[in-house]
Amino acid sequence: MSEKSSKNKISLERIQQIREFSLIGFIIVLSIFVQFRNSNFLTMSNIDDLLTNTAILSILAVGMMMVIITRGIDLSIGATLALSGMVTSMTVSNYPSLHPLVALLIGIFIGLISGAIIGLLVAKFNILPIIATLGMMNVFRGITFLISGGKWVSAYQMSDSFKAISTGSILGINNLILIAIIIYLVFYYFINYTRTGRKIYAVGSSPESAKISGINVDRITWLVYSIMGGLAGLSGVLWVSKFASAQSNTASGYEMNVIAACVIGGVSIAGGEGKVTGLISGVLLYGILENALPMINVSPFWQNAIQGAVILIAVLVSALIKRRIGSSNKIRRED
Amino acid sequence: MVNNSNNGITLNREIKSEKEFSLKKFFFQWEWLLFLIFIAIHIINSQLSPYYLNTYTLLDATMTFLDKAFIALSMTFVIIFGDIDISVGSTIALASVIMAVLYNAGLPMPLAILVCLLVGVIAGFINGILIVKFKELSAVIVTLSTMILYRGIAYIILENQASGGFPMWFNFLGWGYIKTIIPFILVAFIIAAVIFYVLLHKTTFGRKVYAIGNNDVASLFSGVKVDKIKIIVFTLNGLMAAIAALFLTSKMGSTRPNIASGYELDVIAMVVLGGVSTSGGKGRMIGVLLSIFIIGFLRYGLGLVNVPDQVILIVIGILLIFSVMLSNLKLFSNKS
Amino acid sequence: MKKFLISFMVLVSIFMLVGNVTAQEGKYAIIVKNAGNPYNEKEMDGFEKAINEIGGEVILKAPAEPTAESQIIMIEQLITQHVDAIAIAGNDPDALQPALKKAMSRGIKVLSLDSAVNAQSRMVHINQADPEQIGRVQIQAISEMIGGSGQIAVLSATSQAANQNTWIEWMKKELEKPEYDQIELVKVAYGDDLRDKSVSETEALLKSYPDLKGIIAPTTVAIAAAGKVLTDRGLQGEIELTGLGLPSEMAEYIKNGVCDWMYLWNPIDVGYLAGYAAEALVTEKITGNPGETFEAGRLGSKEVIQAGDGTEIMLGAPFRFDKENIDQWKDVY
Amino acid sequence: MSKYILELKNITKTFPGVKALDNVNFQLKSGEIHALMGENGAGKSTFIKVITGVHQPDQGEIFLKGKKVNIKDPNDSKKLGIAAIYQHATSYPHLSVTENIFMGHEKIDIKTKRILWEDMHQSAEKFLKELGAEFDPKRRMSTLSVAQQQIVEIAKAISTNAEIIIMDEPTASLTKTESEDLYRITEKLQEIGTSIIFISHRFEDMYRLAGRVTVFRDSKYIGTWGVNEVSNQDLIKAMVGREITQMFPSKNAEISEEIFRVEKLSRKGYFKDISFTLHSGEILAITGLVGAGRTELCQSLFGIERYDSGKLYFEGNEVEIKEVQAAMKLGIGYLPEDRQEQGLILDWELDKNISLTSLDKISQYSFIDRKKEKSMAKRLAELVNVKARSIFNLAKELSGGNQQKIVVAKLLTSDLKVIILDEPTKGVDVGAKSAIFKIMADLAAQGYAIIMVSSEMPEVLGMGDRILVMRNGEITKEMAVEEASQEKILAAAMQEKI
């Protein structure tokens, strides 16, 4: 393959930046439009609500981004979330004096185990991620149902300290938002400033090269699914704490929202590509759509179609931008 | 590198063009394993329920799962590309809703059915054209967006209403029998299955589909109209979703924008269990057919002894993972 | 491969134990909306209790997702098992018609409970409470709570939910009465019976209508979600909440004063009544015509009445849950 | 202390069904450049992977500086100071140059384990400068040219402080000048004391760089010679196992009427105002540096990428070629540069590969006639003299040269008049090369018109009847082979715009 080089080159950072700026631009335009229709949109309290409601999605999106970077996908996170939420809340209802931190740890632990199983299936048994997670989604969901016996855990069965996990706040910032921020800082550092974090990109960018240069591809693959599971487990606890109710069908289908947020945020399903900064704008746009559509009195029957159209447009536009840059840069080798 | 050249130019040698029959190769095929599972399921089911092993039951059982199986036929082509189409459930809803609304607005039923098929074709065509024109986007992304969009349109059209009241003869699709015991849907499915089998395995079209799934660049260089064939396959998938919509709508007698949600994952599970690899280029129609009936009868049989749905889901989930794990053992040749 | 087959068979035979088949005289089946919902579980409990009292085999079915498609498959499976009666809480009033008609044509008695299927698909419906009464009583309650004037909103389940839609229609009819002139229904929002969506819809209501005085949520996920939002924001007393919800889910919010009272019927009784009605249909004590009566165990004598173009059996008035009685019910359902 | 820095004794490695290395010996002197030669499939690649720990030998011992070592994985070899530059670049296309250089041994803060990006960028820049490259280390790897990527690979090896660097066919995709740069870099490495194993097909690489040469054949060690002690012919004989007397066949094609004419063909950003004619029986060689637009021109002539303007005349009639099918219908065939990616479906049997270009010939109403297909495949496979047991062999099981023959067989399924060959001998070993040249000569003799794109001077001069030199998307020189020389071609390929 031959290519022209050295002329008109635009660096990797530049491509990402243009993409992110266009997304942020879109978010701003959308926000102004919504604000125009409902002046309550850009108030502190609504922004607080918006961020709180997006927090869990954003936590899951970080894990999903890492999975997708390694060319994988995880459809089981909704089920893992429900399983962890159910087990934790059942524990809490039986031992009301349990410290909330312990509850969080239980949830993360359950998530980690679930994720580790999937990681094992994908890394060691070479089962394609979409199949492994599709199968385990059924299994986790079924287990949640069996252990709960079809019952819900309701608000009155949960201790106040447990519910306070998601309602409490520090320095006026809701705990959920704080947890999400901490997660983002931790993973921003992990992905950009640790060797293991960079290996995730290496594995996704070229598994063959990674293998030859001595990176343990299986271990990295296993790791990202375990992290994804752990984050889903954490989200499970936050979810049941936030809504003060645990059901076996909690967050059913939620994985699609998370994947959509990642995609809007510029994470490439083909692997190797995706940044935390991009992801934040993707998650924000998704959160704004969820928050704004009810506020500007869009008919509930139109909400689905509008969401679909916005995702499609966001994806197509970003593809066009990339193509523009690509053609002036003649990246003909990428696939 | 197995066949090393070492003797330089010799006289043109005879190259064999007849296949050597290998018993091992013949039996170590994915389809045989599926066949064994298929038999096992029937043995287990008949042990579990006294009602199971009965011509009526078995024939009737097919009515419960064949509607989505139609999509599995064309989804096989999509997955052989290495692509995936998760918008089919929404396409069903959209096609069905438009058909019902137009019928109730006075359009004769046969025309409404045609429109239903046309909606499926258009929905599939849009998927296809977007995937071909935006090669940097994977099919997952495109169909994820249209999945939300198509169902959204169905909601806009019908809001919270149901629509139905179809003529009596329309019931025949989902509920009718031929020769009093053979479900019409089974007959229709067998015909469709034969057509798709031939299309995939006997025609140049099928050969090109495999070629694209294996290596689309080489296919393009070999004169295969890659884009055109991709669009056709996605359009076909939309059409099959519309056909599934006909059977499902007939079965329910009325329609709503929320029908067939989650169908896409059922369909994908059928195809994947059938040995079609989502990484593309591999898989056979026979495997998919076996897997359709394995999942269908397994569900039906366990349902017949009133195993909770969730437990059935666990069984299917484990079956899916185990079978794929087994196929990874490289024991099985799994070629086109 | 052998190992696989053996383990597979073992697996399946374990599940065999779950659904044990014992041959008895009558076979009664119930299909609820979906599994994993305590309300539906309680309906099944009640149904099972009734059939045990009568003496008969009971089959309990609950699809994983609340869809008509999965219920159709279950009806087919029950037809194959030659049950005597099917009681169903329909996920769609019309879409089950062909399947249920097929069942009836095979001599199976079909009745619906809780969420009705259309009159052609059933012999009789077990009505937990009169929809008219359910609709009107919620308006009366909210009016009393907000003092007869102000903006109210409804937070429902999905836009498709038949029960909720009927109730909302009756709410609107009740609102036409002159005594509610001061009350304005500003919006019907849909939380799709999802926790996250119900919460964000509630928040949107609060923000879009700063003068909102009351919320009616005629479904348990929505009323609990609204209860949670109002609790978290300390809005008890400022915005009133009522509707239909499970006592267990609502205990917290009734006790803390966010929701002064709400309504529901006893799902155990709904299932229980369905069980006796099924037996009455099978033994042909009733045929589903108006005026027929039968004994429904501890519920006493019940009468079949005309309702719309079909017939139904009424359980009774919706039950009012408040601070006084919530503790005795919260652990029941 | 042994005089060898690296010594391998009696190495045997077996893969299921194949003995990839059979009792092989090898000795590398400290500070030497040692050429390793052999045909494709001789076991060179496996040999490297044994040294770098990607594969473990079944038998045999490895000594490093006289000490026996056990290399279990690539990390071990890295620690021992061994680095390899593989034939197919092992880069991460999505990541920056810096990261490609430092992947796995990033500079980190000793205490916090934090990656020090600035340090890395700086040393990456330093390494690149040392190697005479001047691109920004923050650039994305996929935006680099093949030669630039090669330099990044070398920088990667330097960054690990490797004492032994193995280069697997580094010049295969490079042009003449790029190769020269590489030679210089390699010699620089030698100067600072690095020992280098240099694997190549090209004799000129060996003569230019190496002090000693080792030859493998059929997974076996054949011998080691001083470069100055061994003749070209002897080496070929050692590699091929027989003598090749004549690399280029004598041409006896009759060049007759014009068949194809290109007038002012342009595609923005790729090539401009290309005009030439082509006659039946003629071999037209197009040469120039990689990136001169040769491949793009050919792909436009074959309808893969559309040209923007210009006219095409085929047998005197004006034609438009907008898609591959149009080109094929006219009788134009194209043999792509990258046979594995563009020419073949590696997981397919030979018969299906061969028939893919002409499915309509073996089908009726779109139904494939397997009998016809098999007999066509058999006939053509035998015609191009593929070494395979049956037409049901998978394409990936064949050697590079035989794979190339299958791609040629694919072309021959249709009735062609013009055949475009893009780098037909790239990565092909000596034995197969001469076979391919013979096929080309035969085709020309049968009246086919042939366009051959090649970067290999001897090939251009040996096979072409007429030579076009391209530079920056334009034709800078057209000459008959009689008046051409290496110097003239090179001057035309590199000259500034006239």
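Residue numbering begins at 1 within each chain, and the chains themselves are lettered A, B, C and D in the order written.
Convention: a residue touches a chain if its C-beta (ideal position, glycine included) is under 8 Å from a C-beta of that chain, and two chains touch if they have at least 3 such contacts.
It should be emphasised that the depicted structure is a prediction, and the values quoted were computed from it without experimental measurement.
The set of chains in contact with subunit B as well as subunit D comprises A. Among the other chains, the CA centroid farthest from that of subunit C is the one of D.
Each chain gets one centre point, the mean of its Cα atoms, and the points for subunit A and subunit C are 34 Å apart.
Note on chain placement: the centre of subunit C and the centre of subunit D lie 71 Å apart, centres being C-alpha means. Between subunit A and subunit B, the centres computed from C-alpha atoms are 30 Å apart. Residues of subunit C in contact with two or more other chains: 35-36, 62, 64-65, 159. Contacts with at least two other chains are made by residues 155, 159-160, 262, 308, 310-311, 313, 318 of subunit B. Across the assembly, subunit A contributes 141, 145, 248, 301 as residues in contact with two or more other chains.
All chain pairs that count as touching, in label order, are A-B, A-C, A-D, B-C, B-D. Only residues 38, 40-41, 43, 45-46, 49, 53, 56, 141, 144-145, 148-152, 154-157, 167, 239, 242-245, 247-252, 290-291, 294-295, 297, 300-301 of subunit A touch subunit C when the two sit together in their complex. Against subunit D, in their complex, subunit A makes its touches with residues 1-6, 9, 11-13, 15, 189, 192-195, 198-199, 201-202, 204-206, 208-215, 272-273, 327, 329-331, 333-334. Chain contact summary for the complex, subunit D toward subunit A: residues 52-54, 73-75, 78, 86, 89-96, 99, 103-104, 106, 108, 113-115, 117, 135-136, 138-140, 142-146, 148, 269-270, 290-296, 337-338. Residues 84, 130, 134, 136-138, 140-142, 144-153, 155-156, 159-160, 262, 265, 268-269, 272, 277-279, 308, 310-311, 313-314, 316-318, 320-321, 324-325, 328 of subunit B touch subunit A in their complex.
For subunit C in complex with subunit A, the touching residues are 34-38, 40-41, 62, 64-65, 159, 187, 189-190, 195-196, 199-201, 203-205, 207-208, 210, 221, 224-225, 227-228, 232, 246, 248-249, 251-253, 255, 330.
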